[in-house]
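First chain written, first letter: the chains are A, B, C, D, E and F, and each begins at residue 1.
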Amino acid sequence: MKVGRRETFNSAHRLFNPAWDDEKNFEVFGKCSNPNYHGHNYVMETWVEGKIDPVTGYLMDLKELKNLIRSEVTDKFDHRNLNLDVIEFKDLNPTAENIAKVAWELISTKLPKHLSLTVRLWETENNIVEYSGE
Amino acid sequence: MKVGRRETFNSAHRLFNPAWDDEKNFEVFGKCSNPNYHGHNYVMETWVEGKIDPVTGYLMDLKELKNLIRSEVTDKFDHRNLNLDVIEFKDLNPTAENIAKVAWELISTKLPKHLSLTVRLWETENNIVEYSGE
Amino acid sequence: MKVGRRETFNSAHRLFNPAWDDEKNFEVFGKCSNPNYHGHNYVMETWVEGKIDPVTGYLMDLKELKNLIRSEVTDKFDHRNLNLDVIEFKDLNPTAENIAKVAWELISTKLPKHLSLTVRLWETENNIVEYSGE
Amino acid sequence: MKVGRRETFNSAHRLFNPAWDDEKNFEVFGKCSNPNYHGHNYVMETWVEGKIDPVTGYLMDLKELKNLIRSEVTDKFDHRNLNLDVIEFKDLNPTAENIAKVAWELISTKLPKHLSLTVRLWETENNIVEYSGE
Amino acid sequence: MKVGRRETFNSAHRLFNPAWDDEKNFEVFGKCSNPNYHGHNYVMETWVEGKIDPVTGYLMDLKELKNLIRSEVTDKFDHRNLNLDVIEFKDLNPTAENIAKVAWELISTKLPKHLSLTVRLWETENNIVEYSGE
Amino acid sequence: MKVGRRETFNSAHRLFNPAWDDEKNFEVFGKCSNPNYHGHNYVMETWVEGKIDPVTGYLMDLKELKNLIRSEVTDKFDHRNLNLDVIEFKDLNPTAENIAKVAWELISTKLPKHLSLTVRLWETENNIVEYSGE
């Protein structure tokens, strides 16, 4: 059994590989590498897999999961510039793939060990990424 | 290959463990244990896995799946109080997890044996549960 | 110019005219008059019409509108039984129409007089009501 | 890790087994076998599974995936009659199952071999199909 | 006060002015004039404006409005070819505009005279039309 | 009769009144004034009101409306920093209200005079603005 929680955050970012000059970055990332940044309303589904607790009928209290997502991810990412304000992207290109991976790692560290985790991230309504730790 | 069908039902419920007093229930379940009940528009995706029938091009006729979901689940749950009106929750706390599990069991019993089943239930647009029978 | 804010609340209710017996209520309201209540995830759009403030660029700060909606409406209705727990429906049938009207009145009282108000309420994804004070 | 791309196409179709007469087709497929066709706004999610490229931070550039989906599938299906205009359904009933399977095969042929593919197709907002090649 | 009801229908159509040859039709309507038809999942919101009945708390029973929409519009349009199967489009181009206008006229005829009517039609998730009788 | 077209753009912005220092800006705009910017997936509905052309059945060809929106607004705003890259916001705070007003003015200039225009803008799924030129 799995339970999932949907949260959102609004951030600016720029796709950029510092080993390349601006021309090469534009060639690979197109308008996504605009030096002045652009932004998204990211939608993130966080899924936890485990067993129902027979006492509460919960797999995990979704209020606790919400608080964990907020303290570890959305409070850090929301209304920020991912490249400039978020330490995890200091040397990491903030593609949707890397954002999902970083969110997975931040939540995973605080999650009870008997639960497994999947993060699904919508960058736009058409572009989606999913990460389960491997 | 999988086919899925989306159906909805509107029900009242209250999270409540009868082994606890009201204070303890409020401590664990918060406002979800309001004694006068609250309610949801539940959205349920029912997924069936199997092979395409070469004669019809169907895995399973989605009209038949719809009828099965309605007769076994939504006709019983819709416009009801899950705690008071639905026999399956007489001694079972109607969390999203348990509702998904009960729906899975009710549909599973009537489904041809060569098909496997998953139920995905949205309690709100942010809280989701998925159950595949294990 | 108009600004709108979307908020949600989850409530139980029952359609019921106390001047009628149960049979007559069932005849008019059908399964919506189930004596043990059913429930909905209500979605409410609150629209305010006025002019842009040239200093802030806001018509009205949407954080303030959000706080007003929460204190006047959703904190009172969410995770409640509208018939039993909400004073405004003590003698008023909680149809979608009346819920929108009550929400309009509660917000309207606290809104600056130069702004006009519209409330749009989804009871389900198919049933919608809109009220502008007349 | 998986990345997904959502695209849409609008097509006419008719469910029809040429080995049967019209009566038998109507008995099995109901109004979906209307001889003059009906139609849908199909929504298709295309998912690709693999590893992040450390140089770009991409699993696969979603612009490339979009171009592949458009050239192989949506440019061929969009604003067409699937039964009459699309060669793949000349002798194949265009059920949602078969459309997903054909789309999977068309995209799969052009996809780098180290990536695995899933196609999820919404025929309506309630009827969904998913295919992963087996 | 207004109440609205959302219903859907799935139809094939072709944009076509019989006074023009195929070349001229293609020039004006592009791929929408494909001779073999294409199709859509139309979503229609039907809005009725009036006053709350103090006895029921309803402006109009939405079950009655649903039945009216179905008998007058969606039962006639759903799983049909609008050009070939629906009498109203025998000499009328089935653009989204004309479909909304025809639906408005069909419903309007059967609606109590003290209620005013608006039809809002989504041809795709991006193309929308609204008609209020003038 | 009205026709509407939905388009999206992804931009960075910062709420900021240059007449104030950073402290005052933070006091009024909160986290929306983060100096390194944040961003949104803006969704914009553009509505045009007029009469059906009896020759085409169109009020206005939605392909033309789409092209107008793209050339005047979304090509200029998409994947840009509104404060730094868009000339219209050089001395204008890019609140949702001002973005809707600027979009209205840009489109309005190119629209045939017999058509009236409304712009509806979602900054997030909860915050919405509508502007009709007054």
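We adopt the following convention: a contact is a pair of C-beta atoms (placed from the backbone, for glycine too) under 8 Å apart; a residue touches a chain by one contact, two chains touch by 3 or more.
What you are looking at is a predicted structure, and each value in this text was computed from that prediction instead of being measured.
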item	value
Chains touching both chain D and chain F, listed by label	A, E
Joint neighbours of chain E and chain C, given as chain labels	F
Farthest chain (mean CA position) relative to chain A	E
More contacts between chains, B-C or B-D	B-C
Distance-maximising chain from chain D - centres being C-alpha averages	C
Whole-Å gap separating chain D and chain E, where each centre is the average of the chain's CA atoms	27
Distance between chain centroids, defined by C-alpha means - chain B, chain F (Å)	41
Multi-partner residues of chain F (at least 2 other chains)	125
Pairwise chain contacts under the document criterion	A-B, A-D, A-F, B-C, B-D, C-E, C-F, D-E, E-F
Of all residues in chain E, those that touch chain D in their complex	8, 10-13, 31-32, 34, 36-41, 78-81, 84-85, 124-125
Residue numbers on chain E that touch chain C, as the complex places them	1-7, 45, 47, 52, 55-59, 62-63, 66
Chain C partner contacts - residues on chain F that touch it in the complex	15, 17, 28-30, 92-98, 100-101, 125-132, 134
